[in-house]
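Below, each structure is written out as structure tokens.
Both complexes shown next keep chain A, but they swap its partner, so chain B is in the first and chain C is in the second.
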Partner chain A sequence: MSGIVASMIDGVLIGAVYGLAAMGLSLIWGVMDVINLTHGAVIVLGMFGMYLLFAAFPVNAYLLLLPVIAVGLVLGLIIYWTSVHWVIDRPQLASLLSTFAVNMIIIGIGTAVWSTSPYNVNFTLRGITIGAYTFTGNHIAAAVGAVVIALALELFLNRTRQGKAIRAVADNREAAELMGISSTMVLALAFAIGIALATASGALVSTLFPFTILSGATYQMKSFVVTVLAGLGKPLGALVAGILLGLLEGAVTPFIAVSWIPLIEFGLFVVVLVAFPKGLFARSTA
Partner chain B sequence: MIFRHPVFWLTLVFAGVMIWLPLHGNNVSLREDLILVAVAIILASNLNLMIGYTGYVNFGHIVFYGLGGYVGLYLATVRGWNLVLSALLAGVVVSICALLFGLGILRLRGAYFALATIGILVAVQSFVSNFDPFGRSTGMYVSFEAYQPWGGARRALWITYFLVIAVMALSMILSLAIKISKFGLGLFAIREDEDAAVVLGVNATVYKAIIYSVSAFLPAVAGTLMFYKNGMVDPSIAFEFMLSLEGIVMLMLGGKGTVIGAALGGGLYEKLRSYLLTSPKLSNFHLVIAGGLLLVVVLFAPGGLIGWLYRFVPRSEKVIE
Partner chain C sequence: MKRLCLILFVLLPLLISTGFAQNITIGMTVSKTGSMNVDSLEQYRGFELWRDQVNAAGGIKAGGKSYKIQFVSYDDESNVKRVQQLYSRMINEGNADFLFSPYSSSLTATAAIVTEQYGKIMLTTGAAEGKTYTLGNHFLFQMFAPGAEYLKGVLDMLKAKDPKATVAFVYEDASFSNSVVDPAKAYAQQIGMNAVFSERYAPNTTDFSALIDKVIASKATVLMGGGHYADGSTLAKQLYEHKVPLKMITLLVAPDSDKWTELGEAAAGVIVPSQWEPQTAFKAQYGPSGADFAKAYTAKYNSPPSYESAGGYASGLVLQRAIEQAGGTDTAKVADALNKTDITTFYGRTKFSTAAADHGLQVGHTMVLAQWQKDKSGKLLKQVVWPLAGKSANLVYPIH
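Right, the complex of A and B next:
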């Protein structure tokens, strides 16, 4: 019995990282109605960013999150100006395909550089032992990192002028422009932040599990499930939904083979989409 | 009438050339090249029914090919049924599955639907990898005796080639038949504006479910034939996500929404890919080039090659389709 509880607690810790990844997807989706299919590839770039930085500067890996986020912001601006800006007013199919094309380019270059063999970041924090179970320090630190970044984003969106501009553009782009907000700059900023969140989550995941250049697809799928669970454009909701998903995974893994998990997640995805199209945390407003 | 349409005759001539080329001089390596071209055209044409005609992106189209191949190969080898019968039955089974999936996920619009199709691919792959009769993650093999009814493996490979070409021709003719039918007109209406189409009396839910199911049939048949020809199948080959995505690149390159565009894109892209994969310098970068191509087409030429042709030679649109 206590084994299940331990597994669920571990699930919650990992779920916080899923939540952080999904926040990036959710922010972009909510602000500019673009489904960012570079998401998985960018998560993987975060993993390799952490790997390379840690190889160059073997300090505490969690300190390296800051440079990874900075690189993510720049990467986000590059992706925005190459593939998103030009199709933002076209039907959704266009941005779906153009971000997807960038995904192929990133994965293609990554495969050529790093092949598809597994890598890992060799850094371990001391864990906490409760009774017969040990929670590894990395899982705890990654969860704390994810929550801190999520709260920082929430503060940014609610307390700063730039953050308020992002929320205004998300609500109504035309009205925001009439109030003197340059919507292009705001969209670019929101996209860059979304990508930076994805790279940060990838960097955190790289300290937990081994990864390959193709690992992104799994986390992208989880991010979609989480985003849909939370409802669009609710970053903090995404964090909570991510934790719920982690909890669920933790609760079922002692009983079934891991290879069934995609089937369960997808089932959940469709049920939620069809039954609660506005997400689990939708308020009943008109 | 479909027989008056130039594309119909063009398809037949094209299929004839595809059969004649390798048969002339018994060129086996050319046959292996062309069978991949034919499969690319089959996938692109049937994907076109969803993306080009109905305006719904299906990222998981390869699931029909893979699942159909699994079902067909199971019937043909484990059960020992006739290959053609197995392939057709696989098509029927997968179409019924697609209808059931479709009734569930086609309630979703636009991008939500596209995401759900990725989920279907992942879910079916995870199911097949855990399903005992299909050999779990190790897959299934075709024993050498299975080729005996066709007079040995050498003849069996030629026969599967002719069957694949037939499926390719059928895919193009099916696309054409739907395009000039009233049903097709309903699909175009859904693509342009689903709400308006519903108001005008198009039963969008039924139309979408039917076209989703129809687009599953011929890829499933082709999957059976291809895996039979290859002699083996496993989950990572059958449900290769990249192939699913390359199908989209083919379609966008040729020009979505047109029969000729889908075939042209499928054929050209497959040729380009096999060139890149065999070239020592570029083989690592074939995904990068495919992605770059897709980006350029989406940003600068949403109509693809056929769209260009129509823009510079407006009369061609009337003559072709």
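Right, the complex of A and C next:
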């Protein structure tokens, strides 16, 4: 196997996790018009959630995703009712500042509890070796986990009453209310699902790389790039955009220094903003 | 009488604070948070142990007086901007008489600008980059062997063991690792070693997959590089998980920490250039023996000392001796004593350059190479493998 193919496969595997991280941001942004700046901090809480659960129950780490998602849902509801609900109808700056404040509170408490030392989830799955290249079992499992969660969300949004209500509120909140949908409950649910997706992605990342309480900023930036590539409010598009971004990173890294990757990423970010302001999947994805 | 009492009441505290108190204040920042956290804390423990032992013995005795040591210290958050503010604050508001450096070359280079501006002596430890000492500083004294020395021994050892080895340099894009690897690349070329790949990565990198794919494609048999604890430990773990067929891995700084064993199998075989190891038996002319230092450190912190800890303690010793020789805390006299220092402590020889071109650069200290090896019971132990004269075990090569 050539180095380029190996690099592209690695890119796709990690891209799926980036995509899942961005899905939460995209859902909240699209449905509620809230730029959720707690996103990075919540991803980190997902990492620590996995770390603590794995320390307490050293089973297959990927089985612990379900309790992490459940905690994420509850956390999402708490954040929504304490800091988002009251500012949701005000100018966007209000929710931006409010979620930023929550972000700082989470990081502050996290620093006091866990310091900024690196943590690891010491769980390893057997990888697949092709020629000189080995694809770690954790990367494969994390990518599969991300795709499964993304498809489950898509099914939820398209096949369930609550999911359809979320889409209805995203399209036109007033019309949805006229149809008897309680927009407050729907917004709370959408926010909770967005936060749960972020914690799930954090839990998956924690099985791949070491992390600190400050690690969220990197994944938050990636999530913004992916969300803009996909277009707002298109969770499945975010997954596809994440995979495409990973593929692109994998395809170019054999030819340039790795330190140039952020330049390419953010260059692409600007190009898409200018050329495709509604994202790459504006027409194809509902 | 009332007036006399009032005068005494006002003047007594002043007299006590100026005439009788014999304290020396030493300032330093510690990275209690941020990426330098692990190594910085170990360095601070070295300072702290030295302070506590000296104070327990009655303080530093110089010029017929005894000086107790007190620290003024802040969290620099591993952040260059904080270092600049905090060193000014320690000098102006903390009334620091002397300073110890923060941990890492980049933070120290920033702190040195401030301490030189104020004409304060700073002993630097955990800061190997040599460039800082070529800027015409007068009060800066380096305890670590300079960066250019770190990988020389590894390359010499590799040349002797496997002259046909192909080398990949993968290292953090930071002042310390650049100051180590750039001269190493030149030295590799000079001694005829084949360097097939070289690339830097951003500080705080956690995903090395792309770089590892490049190393595999380059067909390198040996990897050298890393930077600090967080990135170095991650790189080692991912090299192991990707089953990269390397015969030797040498990483900077990170493998020296006792935390390295947490990596399990990925920790085995990795080599670290070290400023000091407990096995290096220097005959101390001044201060405790290596064994006594290690024993006291382990008793206090429940973990063995790293070379960062040893560097911290040795900085205290060297400053203590200079104050004793100067007969007090006068900056010019202490600086003069430091310029004349040529001493062997448990940490090894310490001598500072007095040449105008690189004043304060460490020219006496030498480095060793330590490798994590498994003993018969499978427990990971750090063994000195180079120089051969001081080795505690043979080099394990190849590791896979």
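A few notes on this one:
Assume the second predicted complex is superposed on the first by the 275 of 286 C-alpha atoms of A that agree within 3 Å, B and C clash if a C-alpha of one lies under 4 Å from a C-alpha of the other, contacts with A are read in each partner's own complex, and residues count from 1 in each chain.
Heads up, the rule we're going with is that a contact is a pair of C-beta atoms (placed from the backbone, for glycine too) under 8 Å apart; a residue touches a chain by one contact, two chains touch by 3 or more.
Remember, predicted model here, so these are calculated numbers, not experimental data.
By the touch criterion defined above, A:D10 reaches chain C but does not reach chain B. Within the superposed three-chain model, A:A257 lies in touch with chain B and with chain C [touch as defined at top].
Using the contact criterion defined above for the overlaid structures, shared-chain residue A:L77 touches neither chain B nor chain C, since it reaches no partner.
Look at A:F266: by the touch rule set out above, it reaches chain B but stays clear of chain C. By the touch criterion stated above, A:G127 is placed in contact with chain C alone, chain B being left untouched. Of the two partner chains placed by the overlay, chain B and chain C both lie in contact with A:T111. Of the two partner chains, chain C is the only one that A:F209 touches; chain B does not reach it.
In the superposition on chain A, contact is made by A:E249 with chain C only, not with chain B. Shared contact residues of chain A with chain B and chain C: 111, 257, 259, 261-262.
If you check the complex, the residues on chain B that touch chain A are 51, 55, 57, 104-105, 107-108, 110-112, 114-116, 118-120, 122-123, 125-127, 129-130, 137, 241, 245, 248, 252, 284-295, 298-299, 302. Partner chain B is touched in their complex by these residues of chain A: 35, 82-83, 86-87, 90, 92-94, 96-98, 100-105, 107-109, 111-112, 217, 221, 224, 228, 257, 259-263, 265-267, 269-270, 273-274. Chain C makes touch with chain A in their complex at residues 32-35, 37-38, 78, 173, 199-202, 204-207, 209-211, 213-214, 216-217, 229-230, 233-234, 237, 241-243, 245, 262, 264.
Every residue of chain A that touches chain C in the complex is listed here, in rising order: 2-3, 6-7, 10-11, 14, 111, 115-118, 120, 122, 124, 127, 129, 132-134, 136, 138-139, 208-212, 214-215, 218, 249-250, 253-254, 257-259, 261-262.
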